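Before I ask anything, here is the structure I am working with.
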Amino acid sequence: MSSINTGDVAWMLTASAMVLLMTPGLAFFYGGMVKRKNVINTMMSSAFMIGLGSILWVLIGFSLSFSGDGLFIGNLRWIGMNLTETVDSARYLPNTVTFAIFQMMFAIITPALISGAVAERMRFSSLFVFATVWMIVVYYPLAHMVWGGGFLQQLGVLDFAGGLVVHVSSGISALVAAIWLGGRKNFGKAKYHPHNVPFVFLGASLLWFGWFGFNAGSAGAANELAIHSFITTNTSGAAAMLSWLLIEKIKTGRPTLVGLSTGMVLGLATVTQASGYVPIWAALIIGLLASPIAYFFISVVKNRFNYDDSLDAFGCHGIGGIWGAIATGLFAHKGFNPVSSLDAVRWNGLVYGETTLFLRQLLSIVVTAGLAIVGTLFALWIAQLLTGKLRVSARDEDRGLDLAEHDESAYPAYNGLD
Amino acid sequence: MKRIEAYLRPDMFEPIRDALKAMDINGLSISQIMGCGQQMGWKEYVRGSEVEYNFLPKVKIEAIVPDSKVESTIEKIIQVAYTGEVGDGKIFISDVIDAIRIRTGERGDAALS
Amino acid sequence: MSSINTGDVAWMLTASAMVLLMTPGLAFFYGGMVKRKNVINTMMSSAFMIGLGSILWVLIGFSLSFSGDGLFIGNLRWIGMNLTETVDSARYLPNTVTFAIFQMMFAIITPALISGAVAERMRFSSLFVFATVWMIVVYYPLAHMVWGGGFLQQLGVLDFAGGLVVHVSSGISALVAAIWLGGRKNFGKAKYHPHNVPFVFLGASLLWFGWFGFNAGSAGAANELAIHSFITTNTSGAAAMLSWLLIEKIKTGRPTLVGLSTGMVLGLATVTQASGYVPIWAALIIGLLASPIAYFFISVVKNRFNYDDSLDAFGCHGIGGIWGAIATGLFAHKGFNPVSSLDAVRWNGLVYGETTLFLRQLLSIVVTAGLAIVGTLFALWIAQLLTGKLRVSARDEDRGLDLAEHDESAYPAYNGLD
Amino acid sequence: MSSINTGDVAWMLTASAMVLLMTPGLAFFYGGMVKRKNVINTMMSSAFMIGLGSILWVLIGFSLSFSGDGLFIGNLRWIGMNLTETVDSARYLPNTVTFAIFQMMFAIITPALISGAVAERMRFSSLFVFATVWMIVVYYPLAHMVWGGGFLQQLGVLDFAGGLVVHVSSGISALVAAIWLGGRKNFGKAKYHPHNVPFVFLGASLLWFGWFGFNAGSAGAANELAIHSFITTNTSGAAAMLSWLLIEKIKTGRPTLVGLSTGMVLGLATVTQASGYVPIWAALIIGLLASPIAYFFISVVKNRFNYDDSLDAFGCHGIGGIWGAIATGLFAHKGFNPVSSLDAVRWNGLVYGETTLFLRQLLSIVVTAGLAIVGTLFALWIAQLLTGKLRVSARDEDRGLDLAEHDESAYPAYNGLD
Amino acid sequence: MKRIEAYLRPDMFEPIRDALKAMDINGLSISQIMGCGQQMGWKEYVRGSEVEYNFLPKVKIEAIVPDSKVESTIEKIIQVAYTGEVGDGKIFISDVIDAIRIRTGERGDAALS
Amino acid sequence: MKRIEAYLRPDMFEPIRDALKAMDINGLSISQIMGCGQQMGWKEYVRGSEVEYNFLPKVKIEAIVPDSKVESTIEKIIQVAYTGEVGDGKIFISDVIDAIRIRTGERGDAALS
């Protein structure tokens, strides 16, 4: 009989499937927000990562991220998921292949998040190349550093479910890519509005559902830690939804469904890093503050600095992730892991009077941001080299990327009769 | 015969339709348009950024009627659509040379009855 | 190592996530049914409960519902989920926090169900206040009475997964609220039809998926009871779908997708209370009868009495729930719980010749209805007090609640070009 | 206490719920692809199977498929799920009722797949009768032969999760039905295009999510086999998505979202049969080849032979399933089941130099195809007998089946204003 | 030059388009409308309650043609759209004063060719 | 007064609207149509099978203006919409007999101002 714990496996397989569903969720979240002429392109910019991310992961990604004990990156011994002989089954819970599957889903969604910043103008082939390179130079090393035994993990930096690896990294990269590409043709003049708000909400809902897998699954088992992470996740998402609604109520008197959906995603993104390490009351605070912080960036700072982060990939994931990393340094507390020997929290957070963790968390943000900036520029450069130019022509921006890049329209019947 | 085109609030769609049917206007076409007149648009906020809509959704109701029915039709439309607020809409009248009912081949006013 | 059963935890976390997804499912089920100008408002009226319901629950709801041993309501010892010291881990399976999470999802969706009865006319802020008060005066006490050790539970009343607590309570409250508010502006004259039938079906499908968590999760474990509840749930939903299609085939010759979706939801709502207590053949009967009973109420009784239950929240959940409560009294049978000491069924149902249970089930309906009526009136009164008026103006009803209340349109591109 | 393994039960209940969600997923996958006037009909043609398939299964299907030890079909001892006394709990894992639930979901989706071939012209009542008969004469016998102890299983034919039972059988039946019915009115002249591409993608995404339940659930437990099947499933789906995108890039320069979605589904359908038996690298090959093979059939062979398989039910599931069956004969390898006594693989595949399995796999395709052809013709004949004619009139094809068959339009607001 | 407007069944969209293209009508505009004429609407049932649709979806095909082509265009449309059943639709003809092709600045009949 | 109808590329929607508002054209209606002129359609591929679209999405901008403003309005539209490529669109001018503002009952040119 099998020696693995069936309950843990059941939970981890379920969680993996739930996280997979987040990428289509993101496709709807983003796809609903763009103009009708860019829906196909925007959705594909998330969706293709299910293909690319999975295959890259199986071929080299898992090995580069989680094998060996390098400080910065793994080695190639597990290439092609070839781990039958070499695998140390106790290292990754509940079992190495399960862990690889679960982690694969994270690798899929991370570059998809970036696509929100370059929507409505980047060429699909350039994005394809960009994502490939970015995975290798940013994601795999970062996953290794934080979770695979690399130097950030050794420093005691905490990232329960990917605040750094997923959100800060993609958020900062999104900002860099948005600036590098420049704004959309009429940026500043044209006003953008979503073409299909129910799709935005559908996407946000699938994201929320999947996020339970994302965060509670990061316990690696169906144990108290997973349970705890589940409730902190939900609490933060809920709090951020309410605080976003409140901001809108105060500022314009009119709470919106796009706002509600944005708040949901923000609260979830923010608590990701902290969810297994902080008490429930802290999750409440983290979520409540997530919306005002991000709202300020999206509605004030973005306009001031005038970069075109089309769908607020930086505004949500970058800002949310950074706040989450700081919040982990503030509120983390030992003891939420039922097995104290496995507890990753070595020092309590700043609010309990200890500074070590807090400072290392700050350091980790800097390291992540540095890697993301350099890696993104490199990946963009390669993409430009291989595909000629990164943006579609101004004419094609007008026609829409759906026709220009894919010869397909999202709802042909609504234009073209039936 | 004349073409009467009325650009109205979308919520006038059902009452106008019923009123005209009651007056024995035998044909009617309706389409959805965006319009701007003296009525201003509205503002929405997307994540705290203002988006202005200068155009409002309107319905355009179109009826080709014999000359004899023009004034009564107009009156009826005004009666139903009037609220006195900006945005009540406009009516335009223009000439139509001929009408043909495909099924029967009837032409002119006969095609309208 | 953890002493909790990982399989049970895996199932309960999964079930909780599935139940969470039901609230967005409901948003689509309801949102697809309204006019295009009321989509945002209708979806938000369900969606905001994810935020409000979660936070209220963590702060006071769980404590009021499940702590202590009052007859009518719990106490405040677990306020803020502060249960570390006081918790009796054997009381709620598989573990208190997991139970709290699972139950939270029920508390979220219940007031969302009510919103269907007041759609297309109630102000969002009034609904917000209403829902807050309603939770405290109706939901928490009722959950306590039925599941938290209160007097209905002591009486031996059976409610496996919320027939009383969720469906009867929300259905009756919906009726009261609909009557109190009065009909929509053109109610009786205008004919209402859904603006997006695929959304209705999408919502119903997500509801079905989540309902497995709802009902089978109510076993509190991954055991034979959960399995049994799973199959009775599916059987009843399927039977009600078929019987609705049959009614339409007979009455109009034309089965519809809205009908199919309504039948699905009806069958599921109806069997909720009974799913862990009745044999499979009884679930078949329960489902088969659910549609004709509700169809009669929706198409005949509603017109006769002329109240405007916009989206049939009472017609589906109220009527379905009451039939489910009666059916439980008819068909419940001891022995579906593998652990006989945990079997909640003290007497068999009426069809087996015992009357005790049946009468107590009838009593429980009366108690639930009474509480729902009084509580709803109170909550509406408070809402009116705090927000001035409960309904939007007639002018705003014409413009649509999306613009009037939220300054947002669901599909701006379809009106406003791109 | 229960003697069943809670982890296995947790996983199997979850997997069952996930597979159920595939049928609505299919409704969106198909529904998005048809004209706007046929959306309701197309969605209902999948959706009604949740009702019909469940009830038939509980009444007779499970018994006919899995009871007794006939060579070709089961017996009626478990009629009405009446298995209390007779059940041998070790025969089906993790427990007989759970197994019955899981298998039910397969029985639901299989006839729904066929509906894609007859979309936009077959009458709903005819389809209803057809599906009923088809279940009895094709599905239940086939499930018994392959999984219930019938002669194909005894021969050592491998079908991990339904390549034969689900995909080959529905695909071939789809082809037969499409030819029998004849093409749509303007087939050959009119050009068909999807009315809502995001719905196609939504459907494909729900299918992917559910497919993890479908394939990894077919392990019957939360063990290494489930884990292995999970990763081969994902790998093949991802590979086929990429290879479809590549084909489009080469042929037209324009990768599409319909193409991406089609590739996803193809890769998943193809690996179904093999997922628990082949190494990861083989899954990669299986997926990579799935798209070119199917693309060739859909874009060249279909046009050559001029049959109107409206939504490529044969092109995807038939061709995909056959390639999967062959691939299983090529790449299957002993030892992926952790319990070697339960390993269904008796001989390795052709690439390892053994021919026995390969030949038996070929034989199984022939048997399945034969049964599907005969059974489909019989079921069509009965449907014609009972419902008069199988197709709507030419006039009704023009008006659209939504009005003609259901008196309901999918998006009335987009035609009929609000 | 004249404007020919035909209000037809939606399924006539493709055949008419092909027929007109074949006759060398160089420009054409199509829009989706709701219409009522002698053809009645239809009923749907939502949860057992009747919902009446008095308006049917129609397409409006609009071509501005030189005077010389008016009759032949009308004939063609009738020929294709005729089925003899209620709902075949109507054609209206009205005057157009001028036409301009933006790209070239051509005016009058030249702009139509 | 005259009706000016311009059939333009969809992306001209915003610039034209702004230009006309700037010229003090007080009313405007816009609708979405499908059109074909000299500009050809495009091809899409669905699972490797070609689907031809002969019609392109266009916007129709409609303004009823007093005779005095006709030429200036046309010029403005041409100026904004001109790119010199096929697909720039066309403008048609026709007569309107009367206009009525429902709110005030004004008729004729007064209703347009």
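Lettered A, B, C, D, E and F in written order, each chain numbered from 1.
What we mean here is this: a residue touches a chain if its C-beta (ideal position, glycine included) is under 8 Å from a C-beta of that chain, and two chains touch if they have at least 3 such contacts.
Treat the numbers as computed from the prediction; the structure is a model and nothing was measured.
Undergrad: In the touch network of chains, how many steps separate subunit C from subunit E on the shortest route?
TA: The fewest touching-chain steps linking subunit C to subunit E number 1.
Undergrad: For subunit A superposed on subunit D via Cα atoms, how large is the rotation, as a multiple of 5°?
TA: 120
Undergrad: Quick one: which of B-C, C-E or A-F reuses the D-F interface, over half of the residue-numbered contact pairs in common?
TA: Selected from B-C, C-E or A-F as the counterpart of D-F: C-E.
Undergrad: Have a look at where subunit B meets subunit F and say same if over half of the interface residue numbers show up on both copies, different if under half do.
TA: different
Undergrad: Round to the nearest whole Å and give the separation of the Cα centres of subunit B and subunit D.
TA: Each chain's C-alpha centroid was found; their separation is 51 Å.
Undergrad: Which whole number of Å gives the spacing of the CA centres of subunit A and subunit C?
TA: The separation of the two C-alpha centroids amounts to 33 Å.
Undergrad: Could you tell me the distance, in whole angstrom, between the mean C-alpha positions of subunit B and subunit E?
TA: Using C-alpha averages as centres, the distance is 18 Å.
Undergrad: Of all residues in subunit E, which are in touch with two or more distinct other chains?
TA: In subunit E, the residues touching two or more other chains are 10, 30-32, 34, 44-45, 55, 94-95.
Undergrad: Would you pick out the residues of subunit A that each touch at least 2 other chains?
TA: 5-8, 10-11, 14, 37, 193-194, 196, 202, 252, 254, 256, 258, 407-409, 412, 414, 417-418
Undergrad: Show me the residue ranges of subunit C that touch subunit B in the complex, using the header's touch definition.
TA: Residues 37, 186, 190, 398-399, 403, 407-409, 412, 415-417.
Undergrad: In the complex formed with subunit C, which residues of subunit B make contact?
TA: Counting only subunit B, the residues touching subunit C are 9-11, 14, 32, 34, 42-45, 53, 55, 57.
Undergrad: List the residues on subunit A that touch subunit D in their complex, please.
TA: So the residues of subunit A touching subunit D come out as 1-2, 4-11, 13-14, 16-17, 20-21, 24, 27-28, 31, 39-40, 43-44, 47-48, 50-55, 58, 80-81, 95, 97-98, 100-101, 104, 124-125, 196, 199, 202, 405-414, 418.
Undergrad: Residue numbers of subunit B touching subunit A in their complex, please.
TA: The touching residues are 44-52.
Undergrad: In the complex of these two chains, what residues of subunit D are touching subunit A?
TA: Interface residues on the subunit D side: 5-8, 10-11, 14, 18, 35-37, 193-198, 201-202, 205, 208-209, 212-213, 216, 221-224, 226-228, 230-231, 234-235, 237-239, 241-242, 245, 249, 252, 254-258, 260, 263-264, 280-281, 284, 338-339, 414.
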